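Structures follow.
One chain, subunit A, links the two complexes that follow: it is found with subunit B in the first and with subunit C in the second.
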Partner chain A sequence: MMRVGGAIGAGNHIDRFIPVSKLKYYFAVDTIYVGKKLGLLIFPYMHQNWEVRYQQDSPVAPRVEVNAPDLYIPAMAFITYLLVAGFALGTQSRFSPEVLGMQASSALIWLIIEVLAILLSLYLVTVNTDLTTIDLIAFAGYKYVGMITGVVAGLIFGRTGYYIALGWCCISIVVFMIRTLRLKILSEAAAEGVLVRGTRNQLRMYLTMAIAAVQPIFMYWLTFHLVR
Partner chain B sequence: MRDSTPPHHPRPNRLRRLQGIVAMAEFNNFNTDFFQSSYSIDDQGQSTYDYNAAGDPFQNRQYDSHTQQPGYFYPTGSQQPYTGQIYQPTPTFTPSSPQSVYGNSFEDEAPLLEELGINFDHIWQKTLTVLHPLKAADGTIMNETDLAGPMVFCLAFGATLLLVGKIQFGYVYGISAIGCLGMYCLLNLMSMTGVSFGCVASVLGYCLLPMIILSSFAVIFSLQGMLGVIIAAMIIGWCSLSASKIFISALAMEGQQLLVAYPCALLYGVFALISVF
Partner chain C sequence: MAFTLYSLLQAALLCVNAVAVLHEERFLNKIGWGTDQSIGGFGEEPGIKSQLVNLIRSVRMVMRLPLIVLNSITIVLLLLFG
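Right, the complex of A and B next:
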């Protein structure tokens, strides 16, 4: 019989290094959630309610709440990005396993830098938010979906297709990030659209917009050399 | 002693039978003579051994520890000479355990395949499950971790690649290892119960079977055209559907089959890349 939990399970020594039970929350997804979330990432304009429901102080699992962040999509998108990058380089005869390793490490490093920068700015602005580090990793990983779409369009339709698809995905991810982070970083009154004066809220607003604006820069930086 | 005979198994050769009979005889002697002996064990000489020492696994290694006494010391009474198992810490005599005494009769040993853990019926069942991706799978077939089948399939895949001229066993094994590790982490995080690494490796190895069909196509005609891409896509879909179907039924994850199939498709896609390019 399968050992319950294997090596990654409750009450195991790996728990000291990686918070496994917290991670399990981010992987409690199903196919419907993934479909809806991907749709949101590409077309977030029609979605009205961006709040995450809570259940006795802890957020509801992503399975039942489409606004909750998850780690399945970012993880799969990262790996797919690597494979698509390898494929794109292969079609240009620039492929070798070392290049794939370089792509992987550079994408990973940029992700870490981005998450650290956001954490630092959240700390400096002294925002009281319940955004955990894993949440930030999830949000930073969502842009890979747009990057994959851009590269695939570039492979099929050439450079024009790449620019069109990437442009669309960049705008979508900016809107997605602003609408999601607004609820988490801004104060409640400002999040509802009421104009609240004060430098604190202005700082928070600038921070949200900066985080959202940095996404397209990364998306272009990590993909433009893949499409000729 | 032994009430039931074990099921059919291959008969060992005549030498084994003789050794078994001798071992039985000496064990009988040991049992009856031990409690009736009239002298201490420490005085027992080393040279009462009179049987084939080469084939006996209980060869006494204490030749140097009893050299004070004169060598030959015959027991009093009308007992048969001891044949050397006194100094061995023999385990409690259990006639039904097949691995207790090596020189035991061959009827006590389990069949060879059962000892090795290879169950041909289960292997065939699992292969049929892989070959029919649309039929519902039985969740209990993955209970025992069987790595013999996957090993054979990996070797067959490498062999068909060899036929096309690609000596890439290293890539095949490396990618399988990394892929199994990734699937193991993902499945443990996504499912309620966990999985063991052997189970993941076993399932992924079995579902490699259609990939062997793809690489044997590569032997016949080149896959680097539209037809090759279509066939490769179909085979990747077949492999990942089977793997996800087995995982879903074995781990009781509902509503997640496509989510499990996608990483499997990525893994098998890499294998297909090796076959095609």
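Right, the complex of A and C next:
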């Protein structure tokens, strides 16, 4: 009884659910940040320092720190994905307004399912992390940038172009996710690169890899029917 | 894939129902997932199984009444609108 009460009452688990007052920090972006972040999403290999500079209570505004998650890019990418999907369907004469609505709700629901699955697995592995739900929504939304690139390449260059662009973006997103989540989920020592033994760190590493591996699956699943 | 928000809600409702139906005595204890068997000491690492057991027990306790309401509403809506 005490155990259950403790687990539910401890702030870490419940107040993770959508702290709305912090929402404005996630939209405090500027052009330089958006440019750098898009570059990071497509080409994360040169970036050295993935650590987010810690700030006392509020989330770090993305304007000052390129590693901080934001909601502007995911929101814009989601809407752009819908427009591009409509355009792609139109070029194949498969377009109708209902289809657009279907695409929108499908993509949104997959996003919700993914975030809920990640939340559940974070709870099960008892990770003490400062990842909020909004952070997870932001990270899950970053894959839309890769999807848009893939579909646009498919529209211009045909199926081959689609596969090449999507393959590149998938690998980039996997690397991006692993490097970002590693710092947040793994313990301090393990994140430095030191090999720390123990089942807990192993579990956390598996979790990070699973989250990263799920991204390409979603990216392919949500776009393959758009490119002929 | 024709996903609507409503189908997501239905799926979630069915999942929660599935968790709520697991009987403590007749089933969970038999497979070693009962809460009287696995509350270990106040050790550092709860481990996945005890987290799951706690989760199941919390869901059953918390969602019992809301589930009655939600199920009734869903049944009525399904009867009315198909």
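In the analysis below, the second predicted complex is superposed on the first by the 205 of 228 C-alpha atoms of A that agree within 3 Å, B and C clash if a C-alpha of one lies under 4 Å from a C-alpha of the other, contacts with A are read in each partner's own complex, and residues count from 1 in each chain.
Just so we're on the same page, contacts are C-beta pairs under 8 Å (C-beta built on N, C-alpha and C of every residue); 3 or more make two chains touch, one makes a residue touch a chain.
Remember, it's a predicted structure, so these values are computed and weren't measured experimentally.
Within the superposed three-chain model, A:Arg200 lies in touch with subunit C and out of touch with subunit B [touch as defined at top]. Once the two complexes are laid over each other on the shared chain, residue contacts for A:Ile112 go to subunit C alone; subunit B is not touched.
In the superposition on chain A, contact of A:Met102 is made with subunit C only, not with subunit B. Put subunit B and subunit C next to each other and count what each touches on subunit A; the higher total goes to B. Shared-chain residue A:Tyr123: touches subunit C; no touch with subunit B.
Of the two partner chains, subunit B is the only one touched by A:Val29; subunit C is not. When the two structures are aligned on the shared chain, A:Ala210 is found in touch with neither subunit B nor subunit C.
When the shared chain is aligned, subunit B comes close enough to touch A:Gly90, but subunit C does not. Common to the subunit B-facing and subunit C-facing surfaces of subunit A are residues 3-4, 7-8. Subunit B contributes residues 142-143, 182, 184-186, 188-190, 193-197, 199, 250-251, 254-259, 262-263, 266, 269-270, 273, 277 to its touches with subunit A in the complex. Residue ranges of subunit C in contact with subunit A, taken from their complex: 1-5, 7-8, 39, 45-46, 48, 51-52, 54-55, 57-58, 61. Those residues of subunit A that touch subunit B in the shared complex are 1-9, 20, 23-24, 27-32, 34, 72, 75-76, 79-80, 83, 87, 90. Of all residues in subunit A, only 3-4, 7-8, 102, 105-106, 108-110, 112-113, 123-126, 200, 203 touch subunit C in the complex they form.
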